[in-house]
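Let me give you the structure first, and then I'll get to my questions.
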Amino acid sequence: MSHHAVRRLILVGLMLALSALITVINPVFLSSGNLLKLLQEAAQTGIVAVGFTFVMITAGIDMSIGGVVAVTSMVCINFLHYTKVPIPVLVFLSLFVGALTGLVNGFFITKYKLPEFIVTLATRSILAGLALVIAVKDSLGFVQNVYIQNDSYLWFGTSGLFGIYRTTVAFLILGVGAQIFLKHTRTGTNIYATGANPTAARLTGIDTDRTTIGVYMFSGICASLAAVFISSRMMTAMPELGLGSEMDVIASVVIGGTAFSGGVGDVWGTMLGSLFLALIKNGILKTGISPWIQPIAIGGIIVVTVIVDVWQKKLREHLEARAKLKRLSAERGRDAA
Amino acid sequence: MTKVENGADLLLECRSITKSYSGHVVLDAVDFSVRRGEVHALVGENGAGKSTLIKIVTGATGRDSGEMVYDGTVVPMEHLRRDAEALGIAVIYQELSLIPGMTVAQNIFLGKEPLRPLTRLIDVRKMNDQARELIDRYNFPLKPTDLIDNISIAQRQLVEILKALSGKASIMIMDEPTSSLTKTEVEMLFKIIALLKSEGISVLYISHRMEEVYALSDRVTVLRDGKLVKVLDKEEISPEEIIRLMIGHKLEEKAVQHELTPKGGKVVLEVRGLTSVGKFEDLSFDLHEGEVLGIGGLVGSGRTELVRALYGADSFDAGTIRYLGKEWVPSVRKSIEGGIGFIPEERRLQGILATQSITRNIGIPNLDLIAPRGIVSVKEEDRRAARGIELLNVKPPRPEQLVGNLSGGNQQKVVLAKWLVRDLKLIFIDEPTVGIDIGAKEEIYDHIRALSARGVSVLLVSSDLPELTRLSDRVIVLRQGRFFQEFRECVLTGEKILRAASGIREGDDE
Amino acid sequence: MKKTAIVAALLCVLLVVPAVAQTYKVAYIPQSIGQPNTNAWLEGMMRVFRKYPNVKVQSFDAQLKAELQVSYMDDVINQKYDAIVLQAMDAAALSASVKAAEAKGIPVITVNLATIQKHTASVQMADISAGYAVGKEMGKQLGGKGNVVIIQSPPGAILGVNREKGFRQAMAELYPNIKIVGAQSAEGWKKEIAITIMNGFLQANKELAGVFAVNDNMAEGAMIAAEAAGRLDQIKIWGANGQKSTLALIEQGKIAGTAYNNSFAQGSLIAEMVMENLQKKLGPSKAAETKVIQIPPFAATKETVGQIAAEDRW
Amino acid sequence: MNKKPIATELRLAVVLVPLMAVLSVLSPRFLTLDNLTNVVWSVCLIGILSSGAIYPRITGGIDLSLGSTAALSGIVVDLFMNRMGIPWIPSILMTVVIGALVGLFNGFIVAKIKIPAFVVTMAAKTYLYGIALVVSQGAMLAILEPRPFILISTGRFLGLPNPIYIMVALAVTSQFVLRRTAFGRQVMAVGSNEVAARLSGVDPDRVRLISYTISGGTSAVGGVILASLTQQVFAAAASGIELDVMTALVIGGTSAVGGRGSVLGALIGAIMVAFIINGLNLMNIPAPFHPIVTGSVIILALLLNEGYLVPKRRTLSRA
């Protein structure tokens, strides 16, 4: 069983254990209402995290996602406020925002070889400002919060069959699709190759620049998609929406087992990671402990989780080493004979 | 080479290829040709233009002028990797171009994975089956589902070859393929080359190891300073000749055999029953003042592990070490302060700080001297750096030069310089000249000799047999982590060591 | 409501809280915990709730994020709290949640900012008129002339925006000769940024008569800057909220005044409304409009600040 | 390497000088001593934090917890001075020690347990915020006493605000440590190639441990300065500043892979950004446009740095 399989099991195990604990403290946790909400929360971070996973597999990082969420939702608000554009068109347009951002990021990262972290941080800053600039204003020029009443837009944020939120459904579809894409298409393979050994990838004739630009565009698109669902769920959006949510996204991806060094990780892990994060954040509220203690608990749980993972890895390596040793001595025995 | 031998049977023909980077000419009207189904060696010092020529052939870079005809078709000026592959030009690179985290099959078919009909989805089973077929055809010791990370370097090279064969390769270009292989692995590679040849696939072979070129090639093209020196046919090929053509002057020594003369003097290092479980067992030997003790054996025989343990880089499980007569439990810091140096096996990964200047690289192990009270004396640091550069004539001799941008030879010189600028008593040297051109090699040899002349004891690990025989005063051969045989006061030849390393003991030498 | 109560009771048993006959859970969701006014509201509420051992108040730290408040609202609804006290980050963003809560029979009382959707009640410090009052008083102090600057809240923060609106309105209506020569917004209501902005204003305007910072914290920042520049005596600095530290500074004459709002009283008032609602089992109000209770601002200046009793300072 | 970072600083100057020229043309008040002073004053916090945060960054790590550490430190120093009645100087010293210990703990998890610094410090950021809430009892505490403590940040010496001296002192010290001490050399070496560094007698774990400790210490100093400047402390103070610090570092030519970096570069970077914002304010350009301009200028600065930032970081990061 691969190291990743094990870490998955551990993560799932931890989640079950925590769920059990929380349920004992407060059975409401297990109520369908709560679980559905929990999944929706996980999905809102997760949709962004899926795109982010692609970026991180190419050994990159995309700090601009928060900005994309902000601008995208502002774009939506504007169209809903001033126009009667059909919703499908609107959604398409909003995804275009993310794609464009990704294109710009990718362009500077590949063409000019600028460090991802700072390029995307810069675009984040630009987008943050842009969101404020394009925000709907009142006569005095003050930002005005628009209350969305367009039902076909609100459709996204609400729940459907069995009370499952459409955000969750979208997350699952996106996740499964992305996983298949990563693992079972040439492009997917190229993404791993680009992250694991770019030189080799280039030698094999893979266009690593195109791949890189591609993943940043995908990351942007995912962020835009999330923006649609979040703004729809809140029936409005603020210019600062999503800014500062980067850390949660990154945490989901990292807890899911995708490494900053690139080349490893997958969407399953990220989906688990975002679920895990949503679970502790939602669960902690059920315990009724003081809001002062909550961040301590959350931070602690994250650290412990990662430590456990490192330890199980060490243990496995140790065991493998011993097995190898056995084989070695066995071979020597044969030589002697 | 049973095939017809006339110009008509040329697979690749390059006429007066010229290439210059920013005004500096690296290839000057070079003619070059490879026949169908021949093994052709391309030799020359680093900077002679070999790699540029290869890059042009494989479409990794463009040429300024000159014609190129491949398999009867004229190759246009803009000739890209893709086009080269389409033509059937396959390359096996020096630094392996495989993707960690992927399986053997995935690597073989990277970029050309078989797809499920009517979909863009990869047909994994089919891919593995095809990989399996290839593997069986050449009966390589591989499994399609093995992770690259878990197989040996030699196996990875086989994957490289399969990767090339999986396309319709009509020529296979091998750049320093054996630099990281053990004797047996090299032999396997040679078998494979023979096999390819028998299938009518031409092999263009680049190597610094003369004995290989000698053993393999049907023809040898020698380049020097971007110009074609000579094309040797099978019967003309001899290492001395090649080397003469390459570096213009004849080597004073025969590279094949060497007279061992033991050094007495006081014992510097005394090793007794040293054991590290799974690496080496019960090793005992003395190292005398100014002595060069060669450690022979195949990769994986525990040589590298031994010197690492002696240096303090790794721990060991049993045995005692005495250094300068005192009980000694090594640690890197203690070793350095005690006047012990270490030149690690893998220059790029273990030797150099690629993003740092020559000065900083030389400075790092000497911080105790250039920063006695924690504050770096820049004057002292620069002085030592200058001395190191001058001593080993590092090129370019610019102290602020980033070591990552130096040639392999000069990088290794910097690694050596780190230690030569401090007064050493003992130095461990592991594979000092892997992938380094003849010129630099000779210079490094001179320095090792100079060290021993200065009374510094040297423990030399090498897979390069001439190197071992020429430099050592005494040679110990390890096999599977155990002491196998010691050669002293005798005429030592490469194959004696090889035979010992491969487990054939011959008592009559003592 | 009975159902809620029973469930609540069951929960208590499970929570192993000393099982009182009927326990009420009240959720307090301010913009962020750890702000003077949000703490004051809590304290004000507790002054009432302490009399009722069967009421448990749980605070939620939204860290100035509307998204977080929304998900807290969902959670509180799922946990079937008995009442919610909400200081909304955004009038629109929280409306859906408020609606949902009241639909589930949980009365919602908003603080300082009523959401668009109608709900049980909203207890507000009248921010527009607070701004207006500041303008009026400052104008008096300046004798109706001079240059004035505004240190704004982050764009989109309704509370600050409304105060600014009120202030500009007052100046426009009452003091044609007072010029508003600059306005800059401090990201995240941050005091250190207010200081930097004020430094800029001091540079830009050799004659600066007045500063309106839309909350006390930023006013204190402006004061620090002016003091460091040695021009504090020439500048009338006003804030809004009336937190303890600012009142002290007003007494020292370092800050000209603030629109004081008794957040303790505000909190207690809210708590009493909650208790009444719970005890009479009223549930969400059936009225067509949100019951809005405006607390008229009190312009605290060096002269009037004395009227604010020690126990009313937060 | 001796030359490289200086080269970066020069390149930054190449951006800075024309920028200042443009700004001074657009707004006559820009080039007044007072104004420049204010701008530099406004970046003191970032400058102070950068001078320590640069160490983890160069070793290939990152410290995202410095904002929370600063907030906590402010609360702690207030606790010592105003609730325990300890004199202000020992209070500050103790606070810095505590900050260093926080860093040490991060460093321990990163160096010894080998967990990605990003996750470790991100989690630390979260729980330190919680601890700060607990220590401060969730309150925003005003510091009116003692006077000398307030004067640390609000006072002036020879016409310049004190924090500027503190920032410059820390930055110069840090730059000196980085360039002229054995430890600095080791930090660079570890960042460049850990294995080679180890074989040359460097102990990477120890280097990392110390790096994070320093970062924690400077964060504490920053927290104290902020507390003294704003005369108040609370758990959410300095929140989000870590991004500003990282930005300053990277503009200043500190690369996460390859063991390079310059504190002075970081300072110039931070000041550059501050100048832009200041200029925009002087021109009364509304706030929403500030981040747009800043972001664009950052990219511009990077492009000018390109020659320096290009080196095959990807291949190196594998080495």
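Letters A, B, C and D mark the chains in the order given here, with residues in each chain numbered from 1 onward.
Rule of thumb we're sticking to: a contact is a pair of C-beta atoms (placed from the backbone, for glycine too) under 8 Å apart; a residue touches a chain by one contact, two chains touch by 3 or more.
Owing to the predicted nature of the structure, the values given are computational and were not obtained by experimental measurement.
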Any chain that touches subunit D and subunit C:
A
Counting C-beta pairs in contact, does A-D beat A-B or the other way around?
A-D
Tell me, please, which chain's centre (mean of its C-alpha atoms) is farthest from the centre of subunit D?
B
Centroid distance [mean C-alpha coordinates] between subunit D and subunit A, Å
28
Inter-centroid spacing, subunit B versus subunit A (mean Cα positions, whole Å):
43
What is the distance in Å between the mean C-alpha positions of subunit B and subunit C?
73
When centres are defined as mean Cα positions, the distance from subunit A to subunit C in whole Å is 35
For subunit D, what residues touch not just one other chain but two or more?
133, 138, 240, 287-288
Two-or-more-chain contact residues of subunit A, please, as numbers and ranges.
132, 197, 199, 244, 291-292, 294-295
Subunit C: positions in contact with at least two other chains
33, 155
All pairs of touching chains, please: list them by chain label.
A-B, A-C, A-D, B-D, C-D
Quick one: which bits of subunit A touch subunit C in the complex? Just the residue numbers, please.
25-28, 31, 33-34, 37, 41, 132, 135, 140, 142-143, 145-147, 230, 233-242, 244-245, 282, 285-286, 288, 290-292, 294-295
Which subunit C residues qualify as touching subunit D in the complex?
32-36, 39, 63, 152, 155, 182, 184-185, 187-188, 191-192, 195-197, 199-200, 203-204, 217, 220-221, 224, 227-228, 244-245, 248
Across the complex, what residues on subunit A touch subunit B?
180, 184-186, 189-190, 192-193, 196-197, 199-201, 203-206, 263-264, 321, 324-325, 328, 332, 335
Mind pulling up the subunit C residues that touch subunit A in the complex?
11, 14-15, 33, 56, 58-61, 65-67, 70-72, 74-75, 77-80, 89-93, 95-96, 116, 154-156, 158, 161, 164-165, 168
Subunit D residues within the subunit A interface of the complex:
64, 109, 113-116, 118-120, 122-131, 133-134, 138, 240, 243, 246-247, 250-251, 255-256, 287-296, 298-299, 302-303, 306, 309-310, 313-315, 317-318
